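Next up, some structures in structure tokens.
Two complexes are shown next, each including chain A; its partner changes from chain B in the first to chain C in the second.
This part shows the complex of A and B:
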């Protein structure tokens, strides 16, 4: 979507956001955070009053909206093959800076190179992103370590900045502007809006948790066989929480679910933490133990992806840290790598 | 709470060569989230902590060392020790290869409850029937009932009864009001359509991370039907009937074998009330087979016996 220059961005102030939410919800295309028994989650919303923006973070990232946990790629029967209709338009409201920063990383995997994922790309293209600047970071957050901030909103069509008890809303793209054209609100001068945006960009996370990343990818080049991995793996429960709640993890598996003459090919999330993830047809498993699997997760995020795309596959959202039932912290792993380099 | 005591025990056991490794807890990214810590040298004992946030059950980690030489020392609370008893009864761990450092447990705190009561909480100490939480936000005194994990509120077995040594004097169990009976009764009072709707909604949140299975001391099979690719017993599809299939099979496979430790519920990132299912099955086993405290592990469990004179035709 075409980004607008800072001085061209329209901004309005809304004391009450409800009328806007009502309008979006009535369109039937709204996906937003709601409170449910298990915490906060992004769900398709029919009633505006269900939308909640006062949360720390959702248990799951919104990556499922672009890269669904289960997706039918095609189905077949004796009559032929049917490919599902491409996704319709949607408005994703309430995406946080960390999750927003994860999308360009997924775009590289699913949208660049010779193999492009049409389903993913259609969903990306047909989703208007209404980000909310982060006014509630958690103790486990460390987005600032990756050059991000509670005000990092690049890639959003529109941004809601919690401000003065209401919201300052700013369009960033033509699509955002088009959506905003229908909105009420008192116009705000570009300079004033930019000042609010700048304030969020300079915000620190609550614990000011900042991890030094210099040299981490390089150091890991020579650490494949380091005894450190044994120590780290000794803590792991081998569950998939970290990878499934991660906004950047993107591994999947394909299966055919057949019954009689009909069936479907389904793509489902998979996790490098699971023993069968790398099990081959003949039974051989190149990552036979927990150490190999734990190492893979961190190597992928902090080394392989960097070598491939020159970026870390982590945005510091803190979900893996927060949800890990045994407190296994990626920041601890990064610090361990730094410790090894310091001793070398 | 008992950090010094656990460090001293680890140092002594490793120095004396009584054990080759020691499994305890160490401070995580914040003190309310400690992680399991394996140490093999006495000088590493300084890393260990033992406080009111050490909820994770370390018993299951013993399986990681089943093929390795030497005795493993492990810090266990009363509930964790039932997990070990399960592994022993199932012949997955040999008792002489484990040295149990038992913690007479005063109860573990629920870090979400603690954080809600005092944002930024970093420490907790028990004072009588209260806890004093301290953190960046100051200090706050709260009733134990407000901040303990649900499971600790009804704990009948705070002190491991099979420990090789205890870190402190045994703690009496709290009288168990059996709140779970009420939860199960509420489920039983529903019509089957209501119950179906209830569980479908609960299971719809499941992301199939397998944490509930992995943490469960009763889920200790060498290979699990859920992991099987050939044949694939369980579809990975998360928006269909496989969700129920997964949860009911998990619950039934631990029916009569669950030790009531509540770890599955604690680890679930989506807060699915798994213990309601487990409690229902525990109660059924208790009633049908006239067993007291169905969750105390036995070598042969009611659902693991074959008898030619079984009154059920299907058995």
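This part shows the complex of A and C:
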């Protein structure tokens, strides 16, 4: 990593982004938003015309590219244990500020604790992140509550800013500059690029939905036994969709798949919302009811993680709000904690 | 990167190990002790109270406390109660079987706190397994500790674990006293009958310059803590261990946290003073 400030990095204007997408798609390493199932999803793309930069937030976050929904940790047979080759390089184009902000949180979990996850770290290292500044926030978005914004692009190698009918493209790292090296487009003066970036940083989400977070983690220190959890959990169906769509949730399970002498151990996403999640051999379950499980999810995001890493485990992407079949909204939980509203 | 090095890099990939001996631990047959060596290299360093993930490849993994003592580093010992899928599969294994081992995980008994003190061990059932590592360790460093009392109970005489230790090895060590009770006797049982907590009160070890270390079923621990309080033990003088569902063992998978503490990383050993600061969710 070299120490060039973002302001000194290369920036260009692209009236037409298609040639660039074609170049990336031809390289076979491009992952980008495509239309799927009435919404959008990040997929490996071979044909540039499939890329949809007019997308709104994908139904699932792109965490799967770093922490796969299902991953073989090792295979074994009579001869021993074999670990799969680490992942190859990829270019993730179109990651939005909220999902981008989730990555440093996952980095803490998988890379900064006493044990490090080499598969996750290899995928992070081998992925070039091309962010897109968020020109399509949704009603459920509240990233600004977490100090983020439609222009929060820290950690991206390169950023696409939708601007004047095309894109202003700005490199933020050496890797971003290297990717840009052969791109067309007219160079942009640093001041002009910074002005566009600043405009996105100062944008509000459309409903201006902003939740006051001050003091939430501290208040929750004393609220483990508060009756509100019963009320909050009452509607929950224990379906777990909130944890699957969340860009920061990272619970998993390990499962063995065996065929005779050979087999493999697979790591799959799991969810703290499932009743079996903490059930022990013998039947004891320390989180035996919905109240305990819903409390765990919100406490983890708003208190436990803060106690361990001094950050909230939420980026305000709004996916759990969009996907919850009963409309259980983390924002209302936060407001309930604040005593601002009793709607939770 | 060479294959072996990469395996070591991933904390979720076990090392291959071989079962060198299997010992039936209880007459009831539901507890077996597995003596294990790693196929490549010596046993990893560990301290009493730490655990390891045992794999039966093709079935899964279970977190098991290490019952051997690091003062005897030639092998690892795990005493396993047949309680579920993986432990059931382990019980099917014999000498020479291949398993996977990863660890050691978790903190350990507070050796600095124990040094120079009288020690009161209170165990129930398979809960003696983690205590056994510490007892062996302390008795192998006998001069560092005062009087040692070991209070142990099981449901019935056929459920007693570690009988050789209880009735032969440990009582033979100087200033070391073993007190064994059973919930229900049988025709041959000559010893005390009664639950562990009541028996602790009866044995009445002094709390002066002492630390009590207790491990067993949750219901036993609950009443043992009350008994120890009656005997004058403060929350700082009582040490216990917790057991929760674990899958990763490295503080990530999300099962074993109690509030912000992960039993697999920050536990399994806690003083009662530490436990009282946590949400009561275990």
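Going forward, the second predicted complex is superposed on the first by the 334 of 344 C-alpha atoms of A that agree within 3 Å, B and C clash if a C-alpha of one lies under 4 Å from a C-alpha of the other, contacts with A are read in each partner's own complex, and residues count from 1 in each chain.
Quick note on the criterion: contacts are C-beta pairs under 8 Å (C-beta built on N, C-alpha and C of every residue); 3 or more make two chains touch, one makes a residue touch a chain.
Quick caveat: nothing in here was measured; it's all calculated off a predicted structure.
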Superposition on chain A - do chain B and chain C clash or fit: fit
Partner chain(s) touched by A:203 [first = chain B, second = chain C, both, neither]: neither
Touched partner set for A:231, first chain B, second chain C, both or neither: first
Contacts of A:115 with chain B and chain C, given as first, second, both or neither: second
Which of chain B and chain C A:4 touches, first, second, both or neither: neither
Inter-centroid angle chain B-chain A-chain C after superposition on A [Cα, multiple of 10°]: 90
First, second, both or neither for A:292, with chain B first and chain C second: second
First, second, both or neither for A:255, with chain B first and chain C second: both
First, second, both or neither for A:76, with chain B first and chain C second: second
Touching partner for A:277 - first (chain B), second (chain C), both, neither: second
Distance of closest approach, chain C and chain B, by C-alpha atoms in Å: 6
Residues of chain A contacting chain B in one complex and chain C in the other: 253, 255, 270, 279
Residues of chain A that touch chain C when the two form their complex: 73-74, 76, 80-83, 109-110, 113-119, 224-225, 250-256, 258, 263, 265, 267, 270, 272, 277-282, 284, 286-287, 292, 296, 299-300, 303-305, 307-308
Chain A residues within the chain B interface of the complex: 36-39, 41, 59-60, 69-70, 139-140, 206-207, 209, 231, 234-235, 237-241, 244-245, 253, 255, 257, 266, 268-271, 274-276, 279, 290, 321, 323-329, 331-332
Chain A-touching residues of chain B, taken from the complex the two chains share: 28-30, 33-38, 56, 60-61, 64, 120, 201-202, 205, 207-211, 213-215, 227, 229, 232, 235-240, 263, 266-267, 269-272
Complex contacts: residues of chain C adjacent to chain A: 3, 6-7, 9-14, 16, 55, 57-62, 83-87, 100, 218, 243-245, 247-248, 250-260, 265, 279, 281-282
